[in-house]
Amino acid sequence: MTDRMEKRIADVLLYGSVFAALIFFYIPIATLVLFSFTKSRFLSWPIPEFSTRWYGELLADRDFWSALGNSALLAVLATVFATLLGIGGAFAWSRYKFRFQWGFRILTFAPLLFPQLLLGVVMLLWFSVLAGWLNMSPGLWSAVIGHVIYITPFCIVIISVQMQGYDNTLDYAAEDAGATRWQILREITLPLIWPGIFSAAIFAFLLSWGNFYITYSLSGSTRTLPTFVFSGIAVGSSPIYPALATLTFIPALVLIFAVDRLRKRAARRRLSAIAES
Amino acid sequence: MAEIQKSWRDGALRLSTLPLLLLMGLFFVIPLIMTALLSFQGTQYYRLVWTWDLKVWTDVFSQVHYWTIMWRTLMMALVCTVLCTILAIPIAYGMLHRLSRWSDHITLLMVFAFLTDAVLKTFGWVLFLDRSGVLNGTLEAIGFPPAAVNVLFTPNATMIGMVYNLLPYTIFTIALSMARIDGDLVLAARDAGASRLRAFIEVTLPLAKPGIWAGAVLVFVLSLGVFLEPKVMGGGTSPLAAELIRQSFETRVNWPLGAALTLVLIVIGAAALTVAGAVALWQARRVVND
Amino acid sequence: MVSPIIKATGIDKYYGTYRALTDISLEVANGEFLALVGPSGCGKTTLLKILAGFEDLSAGSLVIDGEDMTEIPASARPTRMVFQKLALFPHKTVAQNIGFPLHLAKRPKPEIDAAVRRMLELMHLKESYLNRYPHELSGGEQQRVALARSMVSQPPVLLLDEPMSALDAKLKKSLQAELKHLHRHVGTSFVHVTHDLEEAMMLADRICVMRAGKIVQLGEPSEIYYRPANAFVAGFIGDTNLLPAKVTREGDAFRFACDVLDCANPIIAADQVAPGVAAGADAALMIRPEMLRLLAQGESADCTISGTVNEFFIRGASIQYRIAAAETEIVMDIPGTSTLPAKQGDPVKLGLALGDLFAVEA
């Protein structure tokens, strides 16, 4: 086989697979967006007529608003805790060296390797016991804990990646210039790993926002958007769910692109600083 | 980057680890232990009784039904792992080496799809694959018979959903390890007379192995626990382990049974992890010895 | 010496069981420029970190500026450090980097501004750099910013850890000159680590030569160069000739026997023998390459060496000859000329004065 032919085949295969993957990933998403604009109450193709009727129906649904509120509260709380714990965890993962570090790493990473449903089920058993002792039933609070357990490992990984290549002598230099530990953290370390922290927070927010399995197991009778949709489509599909999907895509997309902008700006500065020295 | 040696008496180390350790201990380790203990109890009239016997376990090991489902879960997980790995390699490579200018944007698009609510995406698939869905509607419009593709509510649909939800893991881990490969190594292989394919097989693939392994293991373990796909896309006709476990807890209210089945699944996952870890270690050692 | 600014006594440093420093005692005078020299891994950085407060000492004591340093953290010591990799903060501008120590000390903004501008001038940096980020500067400019940051709060002691090792030869030369100038100008005490003895000789008032965690010799550059304590110090700079010899006492002076050297009267004065050399034991005679000269036909000298030219290198200011003589190779540097006095394979005779010889332990 000649080199040219080989290149041609490789090109077709590689370009093709990337485009195919993108199409594959967006099939259900595009389908949802399309159906959200149907006028009919049946979700069958072709769409007879377009309208924004179902958006109106969705916005008039009180269960939707309470699910939205719960989702937001859950996601905000989970994000705050997971990001804070993730910062500490990332320091311990990749900047420090200490006894039993491997134990620490395995323990803090394990939830990521756990099928989420099992994670939820296992925790539910314990929460039911706890709830019995404390005389409160599983609800938003237990879902928050579950989300934090599941999401923190992601935050640790993202922030650790940002810490790769962090030059410890910067800390020494700051200390030498008279900085206290707290000042070093505030003036040097946090600003430098800030893009990682920010990405981790956004990632955490979206993971929590879209999480079904853990919420489903742990939130008791509290509904979030994913469980609201799940119970809705179990009863019978309605075009309000595609409308809901389309509405929630927009802020997520904005957030993801915002993270990317920030990350790139910081990366450019840091990379060139490293290249020079 | 040099790590900083810390003793457990150091305030910074405590501050950064203890809250996390406490949380993981209280809400991850203890629940696991409790699950194990629970599997030695029994139920009567939908209530837990503290019997401390092996009844549930003998039950689990003597019922063929459970093992059929476990076996099916395992097979689905294996197929899903193989598919995700094979598909991800050209995607990751193409993203890095053919569409490198766009790779950031492509990654973002994939991250967005990945982070979107799984229930919604699965529902989207149903609308797409339905007998009167987008796919069949479009096919019919260009001359195929009505409902030409009849895949929804079969195990194949489940598999499509699983691959859909788990493929990003392999793409990301493989792309990450491929991006770290020094481009000069591939050039050196080409310079030494290797064809493109040969250079890919001799240099790129072996060096990307850690990412391939990591992605495969992750996908395998996560696919053991899928629940949405078989229920919503597979139509619940051939349930997998997670559904079985959920039923034991919710429908049958048999906690000890659910706990035991959970443990079985965890053990299968842990065994896969151990084997993968051992293989990785063995290979790493072989590389060092060479 | 008036009261020293740094007084280290009997410092030991262990990393686990590994002994990185052994019994280091050292005094640095106020305003002195001291160079710490030694091969890589001999403990220079470790010693500097102990002075700066980044490492605890395992034994001994350290007094800086009249105060015991044992309990004082790095951030509160009267020392500032210039790091090997500079450690400029990539997210801060040049102005913010230089002003950082004053910013931490919560000085008023106008004062910081004024100090930063003063440093900029002292370091020959352009004012337009103030709002740039470190990566927008060249290597030499980054170096100056790092120096400026360490000097801005006028510390009594400046510690420099091989700050020039990453620069190319030419830039290094010009920065060395500037550093020397800066030192004269500000009156701060400098402790400058380098593995380059030539740099140390050029810059320092005194040089401290270290080896394997110990101080081998501490003295002025001329002492280190002409009166090295042992063969290690002698061999640390350039291509030095060390010829095996035997030394025996003869009255106030010493008699030596060396196969390579042909001397009419092989006697050297007592101060031409390093203190550690035991009479009758094996010793080495040190001859710096520039002390040898090429003898013309019939010319004579106190001592002579006969041999043939192996190789020569034209280095501009000088020409280096490598000459085979009695199973060793002798290195000779002579002033550069446009006409080569000898070529490869030529038989040559070298001469040197008895007074230029120095005997060290083998």
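Order as written gives the chain letters A, B and C; numbering starts at 1 within each chain.
Just so it is clear, contacts are C-beta pairs under 8 Å (C-beta built on N, C-alpha and C of every residue); 3 or more make two chains touch, one makes a residue touch a chain.
Keep in mind that what you see is a predicted model, and the values were worked out from it rather than measured.
A linear topology is adopted by the chain contact network, the touching chains following one after another without closure.
Seen from the Cα centre of subunit A, the chain whose own Cα centre is farthest off is C. Closest to the protein's overall CA centre, chain by chain, comes A. Mean C-alpha position of subunit A lies 56 Å from that of subunit C.
Subunit B and subunit C have Cα centroids lying 60 Å from one another.
The mean-CA centres of subunit A and subunit B are about 16 angstrom from one another, to the nearest whole unit. Residue positions of subunit A touching 2 or more other chains: 167.
Not a single residue position of subunit B touches two or more of the other chains. On the subunit B side of its complex with subunit A, the touching residues are 1-8, 12-13, 15-17, 19-21, 23-24, 27-32, 34-35, 38, 87, 90-91, 93-95, 97-99, 104, 106, 108-113, 115-128, 130, 132-134, 136-138, 141, 164, 167-168, 171, 195-197, 217-218, 221-222, 224-228, 232, 242, 245-246, 249, 255, 258-259, 262, 265-266, 269, 273. Contacts from subunit A toward subunit B in the complex involve residues 1, 3, 6-7, 10-11, 13-15, 17-18, 21-22, 24-29, 31-32, 34-35, 43-46, 85, 87-89, 91-92, 94-99, 104, 107-108, 110-111, 113-118, 121-126, 129, 145-146, 148-149, 152, 163-168, 181, 203, 206-207, 209-213, 225-227, 229-230, 233, 237, 241-242, 244-245, 248-249, 252-253, 256-257, 260, 264. Considering their complex, residues 167, 169-170, 172-180, 183, 187-188, 191-192, 269-270, 272-273, 275-277 of subunit A touch subunit C. Within the complex formed with subunit A, the subunit C residues making contact are 52, 54, 73-76, 79-81, 83-91, 100-101, 104-105, 133-135, 137, 139, 142, 149-150, 153, 166.
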